[in-house]
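Some notes on the structure that comes next.
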Amino acid sequence: MPADQIVRYIVFLILTVMTLGGALGVVVSRNLFHSALFLVLSFAGVVGYYVLLDAGFLAAVQLLIYIGAIAILILFAVMLTRGLMDKRQSQHNQQWLIAALVALLIFVVLAVVLWQVEWPVASEQALASPNVSVSQLGQELLGPYVIPFEVASVLLLVALIGAVILARETES
Amino acid sequence: MIPLYWWLIVAAALFCIGLYAVLSRKNAIAVLMGIELMLNAVNLNLVAFWRYITPQALTGQVFAIFVITVAAAEAAVGLAIFISVYRMHGSINVEKLDTMRW
Amino acid sequence: MTLNRFLILLLPEITLTVVAFLVFILDLIIGGDEVRERRLQWFAFLGVLLALVATILIWPLAEAGGLPVAFDVGPGFGGDVVPMMTLDGLALFFKLITVLMLAIIILSAGEYVKVHTPFRGEFYAFVLLAGLSIMLASAATNLVMIYLSIEFLSITSYVLTGYLRDDVRSTEAAIKYFIYGAAASAVMLYGFSLLYGATGATGLVEIATALATGSVTLRWLVFPALVMVLAGLGFKIALVPFHQWSPDAYEGAPTPVTAFLSVGPKAAGFAVLIRFLIVALPAFQVNWSAMLAGVAILTMSLGNLIALWQTNVKRMLAYSSIAQAGYMLIGLAALAPLAESWTNGLNALLLYLFAYLFTNLGAFAVVIAVEDRTGSANLPDFSGLIRRSPFLAVSMLVFLLSLIGIPPTGGFMGKLFVFGAAVQRQMILLAVIGVLNSVISVYYYYKIMRPMLFERADDAEPIRVTPSMRLVVGFSLAMVLAIAIYAEPFIRLATESAQLLLAARF
Amino acid sequence: MNFPFLTLIIFIPLVGAIIIALIPRNREREIKWFSVIVSLFPLVLSIVVWVLFKVGGGMQFVDEALWIPTLDVYYRVGVDGISVPMVFLTTLLTTLSLFYSAYTIKVRVKEFFALFLLLEMGMIGVFLALDLVLFYFFWEIGLVPMFLLIGIWGQPKDRPQYSAIKFFLYTLVGSVAMLLAFIGIYLTSGTWNILEIPLVGPLADNPALAVAAFWAIFLAFAIKVPMWPFHTWLPDAHTAAPTAGSVILAGVLLKLGGYGFIRILLPFFPVLFKQFAPFIGIIALISMIYGALVSMAQWDLKRLIAYSSVSHMGFFTLGLVAASATLNTAEPVLNSRAIALDGAVLQMFNHGIITGGLFFLVGVIYERTHTCDLKAFGGLSAKLPVYYGVMLMTALASLGLPGLAGFISEFMVFRGAFAIMPTYAIIGVIAIVLGAAYILWKIIQYIFLGEFSKEKWSAIFDPEHWHFSLDMARFEIVTMVPLLFFMLLVGIYPAPILNVINAASTALLSGLL
Amino acid sequence: MDFFFNLAPLAILVPLLMFAAIILFTHPNNRLSSSLAIGGIAFSTIISWGIVLATILSGEHIWEETWQISIPWLPAGTSVLWIGLEVDSLTAAMLFMVPFVCMLIFIYSQGYMNLGKPNQDPRYSRFFAYISLFAAGMIGLVLSGSLLLLFIFWELMGLCSYLLIGFWSFRDRDTEDHIDEAQVKRARAAALKAFLTTRIGDVLLFSGMVLLWAYTGTLNFSEIFQPEVLEHLAEITIWGLPAATVIALLVFGGAVGKSAQFPLHVWLPDAMEGPTPVSALIHAATMVAAGVYLVARTYPLFVAGSVAGDGSVLAVVAVIGAITAFFGATIGLAQNDIKRVLAYSTISQLGYMMMALGIGAYVAAVFHLLTHAFFKALLFLGSGSVIHGVEHGHHEIAHHSDHHGDDDFNPNDMKTMGGLRHRMPRTFWTYIIGTLALVGWLPFAGFWSKDEILGEAFHLWREGGTFSLPLWVWLAGTLGALITALYMGRQIGLVFWGEPRHGAAEHAHESPHSMTTPLIVLAIFAVIGGLANLPSNVPLVGGELHHFIGEVHEVSEVVHSEALALNAIVAGLSTVLAVGGLIFGWAIYRNYRVGEVEPFQRWLGPVFTLLKNKYYVDELYRAVFIRPTVWLADISFRFDTGVIDYLVNLVGRVTRVVADFGGVFDAKVIDSTLVDGTGKVTNSFGGWLRQTQTGRVQNYVLVIAVTVLLLLGLYLYL
């Protein structure tokens, strides 16, 4: 096994610990603020994954949108609604145990299936040279995917207006 | 190269952790975090599939970009809803929001 | 495909988008002026009419197998052209449904919006945009597009549900709807990702091709993917066991939105489900047919049984609409693409949906009218309606009869076709449970009829029916009756819409 | 294209109902008399149809138009000798009911008359439809107006709403089952045409499904007829319904089920019908005897007559069973079968006339006293001699006194039954004795005989709401006269009506293999 | 000759029209109404006698040659049933009697109902309408040429008997004080009893008729009585018996009901609750005669049924008749009501006729029917006259003492009468003539006819062997004759002799002429009636009736169409018994005083009580038939409301129990609108289901997860 492959494995493992660990942190942390920070950690792990998967542009997008926007947004919200969550109380509801069990079982089932399936992996040659061109991505977005692209833009605008409508203080 | 299913299993794990958050956390914002985790898992899936199955076509990546976009929009609207709920109910404890039932 | 043609094919969608944004802008300009805000309603209505015209204009363009809607900007630009949308009978049918739904909701919302909601102009815009998303969803042939349009619909729906920001129930409904919807769509998305992984494609047709040629183990993935996708679409349609959001959301949402929720997401969900199953997974019909049959039985029975307990008419109609979706699902479960047969299941579903559209919206229009007067929509609010407004009461009676499925109403034609499909596929049990359910449903529809027709009201003052409401209810009434009495065009519409898709895929 | 008699008969009431809906609510007089006049048109037309009807000429006056081409559904109506009397019965009773109601209905007049005309359309449609979908349409159209008539104008103390929904549910259970069976039949035979399906032999390739379809359709009609044990909606509905509603319910609605048996179930599944005939025969016997016994135990006049309907429609069923029991056997038996079927059809007609009349007569006393409790009356024949006479004649017709209508049909039913299934028949005659017992013992004795005392009468008589003469008022007599006339006519000289029925039933039966 | 025959329909229609006319138009005018009725029946009588004359002159006696008229009446299947009228000599014989006796009764009624008097019955017109209908029914029955038409008139008479027996079954307490309350109740019960009891017989006749139609395809007598038809009937079997036997038995069932034969005789004594002329009508000319006439008319069927089977239908007829003859007579011994004694006498005499028919003495039966009609009508009208007189007497003393005093006074009670022979001479003499005719003193009519029956029985016994059926018939008849004499002796002794035992009897007056004139006419016929069929050894006039009607049914050797000669032993024996019995009865009762234990009671002891209580048959029937039926009706009704109505959906109820058991059924939310078990069940099930709707969104999402998990797990497992 070539050295760079071994490095990849090691990096993969580190990132996995980061991502899943962050995710678990999100789940178990009593403090919502800590949860948000763990979330950022997990997102960061995913950024690493994308790099490892040669999806550089996506890694950037992930960094910008998830960490830069969504996580921050969440932090804002946490701050806005802060103080009302009693830290002494459990942050988990009554069904957490059964929820854990179900989540675990789903994971097992999925894992078994995903592991068993012979994936139609592309040829060695194709695997070796993935198309990672960003301009190509741009052309895709504005070519075949132009309709989703436009729709997404409308969606964003609508979400914005909607968020304003919902969140704005009512003028008396 | 790392076997595809490694990625997939990691993604599945991430997905299930997110699901667990959705199912068990009292605070709506924590629930939202869980949802974001689930979406990240999906994105990981998509990108991994792109890399391993259709490395030439960018389908998976494009899909992931759209997912991220939607996630952003969703988060915005979701948080706005949380705020209005907070304003009306004084809490965003999901468990307590059960005035309408049966 | 040239840009012109591309734009023409998207004419209804574009019309709606433009009108919606014009409403946003106009609202900014005239904000605060009640009289002029009222004109926004008519403006939105006008936009819907324009979209109707656009739909009719592009009607002749649909082809057998569907006309792919893709913008081909030339060679070298992007990879293989994967059409995101198609223009076929099914898409047109749902465009029509959408437009009609929008028209009815916008007209019936007027009074309610004026009294209850802030941001009255935006309200119409959101309704229009929600309609737009239904159109997109029903035409989408690509997982990306499907996901995007479904989410579009979800997000607009969340906003509309929580529109009454100062109402405890509305906000609660919104947060429940949001959390449920987000989780469900994440699950569905995971299913999409599996399908993509299994086939390397996101186009429905390509998926079908790849599955047909791929290795056996890949087929293992189809079932998990199917289940997850069903969770997401089942959430939209409110199929049992993915229905639980709907009663809460229906009860809490502003009543015109409830009306929308009871039709719009269902239509979109069905459109996508139909396309997904028939186009992407035709080889797995045995599997999904059995699964859908089970879900249909659950959906009908549970919806009806729980509805028996409701005392709030909105909530009751929510459960009722769950049950109605169950009947419709029979059609898909009993899909039998026989060229010569009168019912192939799909046309049954479409016809049922068409009748249901007018029936349910008409019923909700009545509820809105009553609520305007009484302030709530509990059963006692309907007491003596026959005296207070014979028109509303008689209309409501007809709508309820249509929901039960008694001729001469559209609901009967729908049930005739749906059960016909089941009998044709020899799914007798399914059909029998279906008819038994329609008997059970009488119990709770009767709970509305009884105060309405047989009891005296404390408040005997007549209920004023605005002209637009009169128009809406009257039109719905006429359509409900027409679908049964002059059924031919409607059956033909449903059949031709279904035929194109089926002919291409089976 | 012939003159569309039948189409007019069906749709004139509809037009009338729509026009009434447009008349202002407070013009009660106009609404009442307008609807009576409207209902005269179908009556006259149905008489014309009867006069022009060619005996033995099969289906006549057929109006046909493609209705839903993709579904192969036709608007197809026609009459044969079995439907002609039924249509006439319907139009006659409707006119009389409207006329009677014009005097007695005082609340929500507009709705009442509009609904009544709508109901008429539905009922006539069932008797005329020759297409399964059309049949089903009319079948259900009649349901809702009746439901409302019971629920809105019912007597408050008799739980009208309960009775109304019970009626609705029972009928609906049957009709949805029937709908499934119709679909199955269409899918195998490829047509909705009621006359063509027997030629194809529906569901012949799938015996299990054929049996299921048979019982599904059976259920629908059995509930409507009503047969034991599906009869419990009937007493409640009758008790609660306003007088005119009871008249139509007993007079016509029950006949829809019977007509369905003859027009649909028997021709569609003659072999199955024969196979199950012993069983259905037992149901018929139970209905006859049980209905009579339960009648005997009643103390409420309306309920008593309602149960007597169960018994009398049991006679119908017995005739029907006899007509089916020996299908596919030697030719000479055709005679007995046809007689049994004649008897069954005539029994429906007679029951309509007689029981309709009885319910009018119940209305007469109810309008005056607001009670149907048999124990509250006594000795009325001293005070209301005309009422006594009319009631006596109607009651005697009901118990099958020769010379009045009821006898002829019982006679023919038993004639067929004795020839074909004598053991059933000899058990069935018990019902005749019991019939005499409850009619004379309960109705005549408790209301008319015995002591008339002023105190008892003034306790129940309600002069506030009764502005006509104490004995039968003129409008009540006018209502009853046509019914009495037909009781006598059929009893004394049944040939005119039986000619029509007989030709049709003979043709029907000889067509079944 | 055909002229009179063609008028035959009018003989029915005219009284019928009179009925309609009185009911619809003339009822306010009493005199006009009764005149119409009498005119109508007189017209019928004239036509009928014309027909009789025509029949005698034409000499056509046998069915194939009779005058007929018929119309297609009932299209049925591939055939058409015709009905019509036919006249043969049997019809003619009946026609001689029926309208004539009716007419006399009508005339009598005019007086009896007090036309124009202060105490005139307010329902006077109605009475005449009913009896007109009654007469029309009987005339029609006799003239019917088909069993169907006969049945129609048969039932018409049943109706009339109901109306007339119950004539006083209602009253307006404030205005109608000529009827008392107890009478109302009795009349009501009697009418119902009469109708229902005869209805049982009628239903049997109905069944027999229907079977006959089914097996022969016709109901016309002339067609049924063709030998080949009868043979055919004897060949086919039904329920293991020859069809002819079954049909004959069923037809006889009808006759048993109508002619009050054991065991359906119970209605007849109660039928006395009607006005007395009605009793006369029922007992003499019409109702009860119809049963005997029916058997005589359909005699070939009985013969065919007897020849074909192992068990002879005729034997059944004979046995029933003999039982009735003896049994009815014994009860007559112990009755106190003047009309009831006559009623049991009627039952007994009808038994004679039936037993005559049963042993084949067909002509004798008809002969007795005719003579009996006259003298029984005479006796009833006479008893009516007595009652009338006593009632007037009672009114008189009530008027004098200015109070209504002893309201329990019963004018029918023989024990309160006495010594009336001086006060009511015309009634007395005619009554004596009737009694002698009934008892069978030479040469009154009853002697000849009864003697012929006994003679036939005796003759057959001699032919048939020691213990053959005719012996018992003869014995029963002879003993019956003795008992008849005894009770008639008791009656005349109590009524006409001795001292008045009550003031009413003391003040009794003779009835008006309109009442006594019919008595006289009838008395003449009671005297000379025997001339119609003197024994064959009487020169010139012997066996006339045999010549006349003997050949009506030329079907079987069983029918004795030849008249018998007078048998000295039989005649002598019965004469001795009749004379002795009557005188003995008269002797011991003529000086009976109020309060004494009467002689028969003294001698018979408990048997007398048994007889007085009519062998407890009524009580038996009440316990065995009526109570159980009412009980069954009640049970059925409870079953209906309690079980069927509730168990329409058994499955659902079970689920409800399960739901209750699970403790999740929320009892407080049962909605009152829900219908029956089904509703409650589906409702409670739904109520349980709705608990899943917790309102907590995370529960909902969990449901998704679990669903997905389950489906996936299921998938993997499979």
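Going by the order they are written in, the chains are A, B, C, D and E; count residues from 1 in each one.
By definition in this document, a residue touches a chain if its C-beta (ideal position, glycine included) is under 8 Å from a C-beta of that chain, and two chains touch if they have at least 3 such contacts.
All figures in this text were calculated on a predicted structure; none of them were measured in a lab.
Colleague: Check B-E against C-D and say which one is joined by more contacting C-beta pairs.
Modeller: C-D
Colleague: Would you kindly say which chain has the C-alpha centre located farthest from the C-alpha centre of chain E?
Modeller: A
Colleague: Using mean Cα positions, find the chain sitting nearest the overall protein centre.
Modeller: Taking the mean of C-alpha atoms per chain, the most central one is D.
Colleague: Could you put a whole-Å number on the gap between the CA centroids of chain C and chain D?
Modeller: Chain centroid spacing, chain C to chain D, equals 44 Å.
Colleague: Just give me the whole-number Å value for how far the CA centre of chain C lies from that of chain E.
Modeller: Centre separation, chain C to chain E: 77 Å.
Colleague: Averaging only over C-alpha atoms, locate the centres of chain A and chain B and give their separation in whole Å.
Modeller: Each chain reduced to its C-alpha mean, chain A and chain B end up 7 Å apart.
Colleague: Could you put a whole-Å number on the gap between the CA centroids of chain B and chain C?
Modeller: Roughly 26 Å separates the two chain centres.
Colleague: Among the residues of chain B, pick out those that touch two or more other chains and give their numbers.
Modeller: 8, 15, 18-19, 22-24, 31-32, 48, 53-54, 56-58, 62, 66, 70, 73-74, 77, 81-82, 84, 87, 92, 94-95, 97, 99-102
Colleague: Multi-chain contacts in chain C: which residues touch at least two other chains?
Modeller: 79-80, 82, 144, 148, 151, 155, 158-159, 162, 165-166, 174-176, 179, 183, 187, 197, 200, 224, 247-248, 306, 309, 443, 446, 450
Colleague: Could you say which residues in chain D touch two or more other chains, in rising order?
Modeller: 161, 165, 169
Colleague: On the basis of the stated criterion, which chains touch which? Give every pair.
Modeller: The list of touching pairs comes to A-B, A-C, A-E, B-C, B-E, C-D, C-E, D-E.
Colleague: Would you pull the chain C residues touching chain B in the complex into a rising list?
Modeller: 79-80, 82, 143-144, 147-148, 151, 154-155, 158-159, 162, 165-169, 171-176, 178-179, 182-183, 186-187, 189-190, 192-194, 196-197, 200-202, 247-248, 251-252, 306, 309, 315
Colleague: State the interface residues of chain B toward chain C in the complex, per the touch definition above.
Modeller: 8, 15, 18-19, 22, 28, 31-32, 35, 38-39, 41-42, 45-46, 48-49, 53-54, 56-60, 62-63, 66-67, 70, 73-74, 77-78, 81-82, 84-85, 87-89, 92, 94, 97, 99-102
Colleague: Applying the document's contact rule, which stretches of chain E touch chain B when the two form their complex?
Modeller: Contacts found on chain E: 690-691, 693-698, 701-702, 705.
Colleague: Chain D touches which residues of chain E in the complex?
Modeller: 23, 72-79, 148, 151-152, 154-156, 158-159, 162, 166, 169-176, 181, 184-185, 188, 191-192, 195-196, 199-200, 203-204, 206-207, 210-211, 213-215, 217, 238-239, 629-630, 632-634, 636-637, 640-641, 644-645, 648, 673, 675-676, 678
Colleague: Using the touch definition from the top, list the residues of chain C that touch chain D in their complex.
Modeller: 342, 386, 390, 397, 401, 404-408, 412, 415-416, 419-420, 423-424, 426, 428, 431-432, 435-436, 438-439, 442-443, 446, 450, 453-454, 484, 487-488, 491-492, 495
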